[in-house]
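Starting off with a structure, shown below.
For clarity, chains are labelled A, B, C and D in written order, and residue numbers in each chain start from 1.
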Amino acid sequence: MSGTAEIGFGMVGYGFMGRAHAVALGRLAELGQAPVVRVGLAGRDRAGREAAAARLGFDRTYADWRALLADPSLTLLDNVGPNDVHAEPAIAAAAAGINLLCEKPLGRDPAESLEMARSAARAGVVHMCGFNYRFLPAIRLARELLEAGELGEVRHFRAAYLQDWALDPTLVSWRFQRARAGSGALGDLGSHLVDLGRYLLGAEVSAVSGRLSTFLARRGEIEVDVDDAFAATIEFEGGALGTLEASRLCPGRANSLRFEVVGERGSLAFDLERLSELELYLPGAEPALTGPRRVLTPATGQPFAELWWPNGHLIGWEHSFIHQMIHLLQAVRGGGAIRPHGADFEDGYRAAVICGAIAASAAAGARLEPVYEAI
Amino acid sequence: MSGTAEIGFGMVGYGFMGRAHAVALGRLAELGQAPVVRVGLAGRDRAGREAAAARLGFDRTYADWRALLADPSLTLLDNVGPNDVHAEPAIAAAAAGINLLCEKPLGRDPAESLEMARSAARAGVVHMCGFNYRFLPAIRLARELLEAGELGEVRHFRAAYLQDWALDPTLVSWRFQRARAGSGALGDLGSHLVDLGRYLLGAEVSAVSGRLSTFLARRGEIEVDVDDAFAATIEFEGGALGTLEASRLCPGRANSLRFEVVGERGSLAFDLERLSELELYLPGAEPALTGPRRVLTPATGQPFAELWWPNGHLIGWEHSFIHQMIHLLQAVRGGGAIRPHGADFEDGYRAAVICGAIAASAAAGARLEPVYEAI
Amino acid sequence: MSGTAEIGFGMVGYGFMGRAHAVALGRLAELGQAPVVRVGLAGRDRAGREAAAARLGFDRTYADWRALLADPSLTLLDNVGPNDVHAEPAIAAAAAGINLLCEKPLGRDPAESLEMARSAARAGVVHMCGFNYRFLPAIRLARELLEAGELGEVRHFRAAYLQDWALDPTLVSWRFQRARAGSGALGDLGSHLVDLGRYLLGAEVSAVSGRLSTFLARRGEIEVDVDDAFAATIEFEGGALGTLEASRLCPGRANSLRFEVVGERGSLAFDLERLSELELYLPGAEPALTGPRRVLTPATGQPFAELWWPNGHLIGWEHSFIHQMIHLLQAVRGGGAIRPHGADFEDGYRAAVICGAIAASAAAGARLEPVYEAI
Amino acid sequence: MSGTAEIGFGMVGYGFMGRAHAVALGRLAELGQAPVVRVGLAGRDRAGREAAAARLGFDRTYADWRALLADPSLTLLDNVGPNDVHAEPAIAAAAAGINLLCEKPLGRDPAESLEMARSAARAGVVHMCGFNYRFLPAIRLARELLEAGELGEVRHFRAAYLQDWALDPTLVSWRFQRARAGSGALGDLGSHLVDLGRYLLGAEVSAVSGRLSTFLARRGEIEVDVDDAFAATIEFEGGALGTLEASRLCPGRANSLRFEVVGERGSLAFDLERLSELELYLPGAEPALTGPRRVLTPATGQPFAELWWPNGHLIGWEHSFIHQMIHLLQAVRGGGAIRPHGADFEDGYRAAVICGAIAASAAAGARLEPVYEAI
């Protein structure tokens, strides 16, 4: 479904993520990218969707995403709605030959994710799952270094995603209900870790052992039936060993996604609270003068640097969405593939399988090997 | 010259800074701000200005800024050209009743800056000098804390602005010629430090003692007649004492503007290479548990936070220009004043006086008191 | 076996750890502590033990630790030998009514450790296991804060101990042989993590799930039959959840023991490569001004500060042994108990049980609950 | 006065510094160094000197340092008394052929320091001034790198020494009285900066311009007539330019001596609050992968590493005194020279000249060139 014709862009949902995606659209011209036509925005709440549309540059809004899909000018659907509104619009859009960007986690569980991935594959549309952190310059740089073998064979991957926003026990959100969210910190935050592990190591996850915890069983009127946090061990094909953790109840950590990758020869570390930096250790000619370096990104010669400012003029979190959007639009226009640097629906499915295996492992008290279905 | 009518926005120059300003224009709608009409862009080089105009959203371009000024729809002129093209267009625009934003340093020297400030004041137009770092959330937060007296009376201000881009001896630029730039690191980088000192402390500079150095006397064809670096002591009314330094020849420092403000009770520190962070020390009830804190900005309850993402989702360098532009447009529309949070032409003039005094002190080998003319 | 009589101090082993312990003895007088009588030092290699004795201040040396034990002036045996020489001398010494300090890990496995702990308990001697990191000021401060409930109920404990010394594949050591070491990174480094978790949280470990890995199967002539690294999930009574990891194959990490403890209200973090610092997050009156603080230790009002220099004059790794030794000698003299701030043989045994459960979990592919025998 | 005979070590003063020096003596044996004979300790207050002597290992004490000098077994006098007791005992000891270690600042002013330096030179004794920070591994490593030209020609030296202990306005000490201390932060802290600049750059100071400030004019009963803080610009032969600052009134900085040295090709930075670390930037083969590295000291292949523990097992502030003492004793025994790694009395004198020039510059409002007398 790729081609050089104009892209008709529609959006399901309009919250925090919708705004991030729309900001990316607004930067295209300035970056020398062909613009898209903003077809419309679908959302259930009228006041909400209309206010969002006005800000985000959409002329038309729809109460029902089906009406958006019926617009013949729509060629790319961006699904930024809650998790329980991921599958149905995506599957319908794929069936209609519409290209897809869907926020992570892809579906609420492996089965739903599999159905989405199969629908998209079957339809032959371009499909992307919004694992935007792949598009941070420091993380792309890390991937390039690992792919080039600079660190040698990878032995350790440890990652944690820690936030604090759910500490308030009166906070109520669809994110605390399994029926709507699928899971808690596991799918919301853990899926990023799992995806980054796969992306950075270029290897599949071979085994996990996990434990989930819900610290606040009630929030206002609702019974919380998802995890507040999880911890897991993880193994990759090729033998890398590590740990994963996520929590939304960590005082002092607003948005700390950190990881370390340790290879035979070098290591690297990242923290989303300092997203412009990659800590990099490579062996040097003089061991007595080596140590982890703080590499500032994006800088001359690094990924994405040609898009931005002189060295040391930092970009932010939202820029990952700009890079992701350019990548997607180029794929839709036939100028590139989603993989390997973007995550597609199969990547979204694999993340779901791994998160599912962590949850199943926690329930079973046993180490499990994820089972990936063919798409 | 403020009012609620539509703003006709024109730009002189279109380089790095022009792009930063135009990006700010492009974010207005999404931030719920009234848009501006992009009247036109003036620049000498045809190919350059036309390419820039296409990217930055200007339909019309002009070889001569006078033609831009002649457009009756122009109500706000943004001057982002080289330093030697600051004064003439600004003075002419002021005379024509056009509001002004001019990049720093305001003029090439105190006299030129004074003339610009007087022209703008006489004309009664809104005038702003582009000391954008005032609009970084961490720096605004620092100012608010200092203004509220949280740190007590200020005793020390130390600041340095270190870059590395001029290490390449083959690099040629108008920035190395006094006739075009006025000065080197002193006016380019030092003016930011001087402005931040005045802004943060809310006090005027009472004395300076400086030393300039030119390490690379030739670059390609040109004789360098500006400073590569300077060092100075600085004193403020009220008694704060400190040091200033800037250099464009610091390996390993891409864009490190750092400062510390030390008061009777607390202290704070900032580095532009970690612009989302303010290091803050305030006394606590338990001295044994105190230490400098890393405050992430912008976060709930802090300046500019309501514009952006949830806590911990970092913004970048360019966002300072968005905040600055909103501030300016509100002033032009009559919804606020440039001062105290924005720098106006008088602030630009005062920075020029202080930088001039540093240079004069260096030449004289004596501590000097800046002399500020009435505007 | 405690009392006010002179302490006759003997040492089994004399390597790296022996030196650290002897340095502690050498500081007693200067710290106003009663000295000990250095009875003798036992070690198999004559040249080695005699050179060590000369440096460490022992007049007599013994080829066989039994001869040292036979010296009637011996009242405190410090066992710093390899792991396979921990149990026998300790058990014999206990039987002879001699007080004990034994390096960690206590025994090579839970069974050996249990026998040691029971011997010491039965004999009624003072017994300590050398988990020296409990005696770093930052860690003692962390424990005091947690014990006082400043962080609220603990929800997360994540810890890793990363070193790089075993990257050299030609390196041969008893540490790579199960018969001598018991295990690899698990017992050597992981035991510290497990002990710190128990100490900091004041809670027992209720479940673990682990995975071990040996990356270098051969080193020179020897077949490596211990782990190079492990990863585990860990749960504590009371519900805290976390991860543990250790590796001796991490380029760029010389000696990085890090942990984070996350409570309902606050969090703290530590890294042995910056052992003077405790990162501490506590809620403040103004949320917009909070952030993790860097607390320098030891400082006025903090543990151990009265022993040392003015604030900001850092102490080092070896000082943990000085604190530990003072603590031990006070207990031997009847002036205090080993617990809760020191680790005794039961603590050593419990660490062994937990490490054993991690290894067993790895083998079984199942989450396991450690089973603690009564001492 | 050097030779292989036993060293008879005497001390004038016994405070904080006396203890640091005595700790160094206590480590000699363990480090394979010949011990010294502790002849005696002189101090005016009987209870104080006797308590100190007991802890620091001196059998004899003296109310008058002249009595200590009269002891024929004295061959090395360590003067750790207040600044006003530096000159007289040192000059008398030199006249008696006794080798000398004197705490910094050498004298209270250039003239006194010159007399001390000349006395020592004339007498031909070994003489050392206690600029102990030269003996921190990170600083020695920095010096070695600079000496080897790894950073290229040095262009910038910026240094600050910030403490907080004098914030308490009720604190009274000889340090606040010119008659006893000579100066305030300038001589106490600034002298370290000046000495480090000379040591690191291997160049003499050619010009300074300074400003002093006394923020608290009264403390209890006393009129403060020394500076609380100073700021200065500094220039070195060879063209390096920089700033110096010191203050004892900086909330949140317990003991932060920081400096940066910037060369043509590289840069390095240090902070005494993280004394085990040297931040080092050297150009790499791949510019896109470079950045400042955190080099942990002491580590294999670095200065002083052979004395200590495996990599990553940090040493502390007091270890600088151990290194300094070994260096001194080797010189006294004829096994090495004080210079260039140690500071001798001429170095102490030169620091005094530079600090004096800063004070004179402040008074005169003019840049001054230090004038060094021949010793």
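Convention: a contact is a pair of C-beta atoms (placed from the backbone, for glycine too) under 8 Å apart; a residue touches a chain by one contact, two chains touch by 3 or more.
Worth saying up front: this structure is predicted, and the values here are computed from it rather than measured.
Chemist: Return the chain pair with more inter-chain C-beta contacts, choosing between A-B and B-D.
Modeler: Of A-B and B-D, more C-beta pairs in contact link B-D.
Chemist: What's the farthest chain from chain C if centres are computed as the mean of the Cα atoms?
Modeler: B
Chemist: Could you state the distance in Å from the CA-based centre of chain B to that of chain D?
Modeler: Distance between chain centres: 41 Å.
Chemist: Can you give the whole-Å distance between the Cα centres of chain A and chain D?
Modeler: The computed centroid separation for chain A versus chain D comes out at 54 Å.
Chemist: For chain A and chain B, what's the span in angstrom between their mean Cα positions?
Modeler: 36
Chemist: In chain B, which residues are in touch with two or more of the other chains?
Modeler: Within chain B, the residues that touch at least two other chains are 253, 290-292, 296, 299.
Chemist: Would you pull the chain A residues touching chain C in the complex into a rising list?
Modeler: Touch residues, chain A against chain C: 151, 155-156, 158, 160, 162, 167, 207, 209-211, 213, 215, 229-235, 239, 241-245, 247, 249-253, 262-267, 281, 283, 290-292, 365-367.
Chemist: If we count contacts the way the header does, which residues on chain C are in touch with chain B in the complex?
Modeler: 141, 145, 280, 282, 286-296, 299-302
Chemist: Could you pull out which chain C residues touch chain D in their complex?
Modeler: 16, 19-20, 22-23, 26-27, 29-32, 55-57, 163-165, 253-256, 272-276, 296, 299, 309-319
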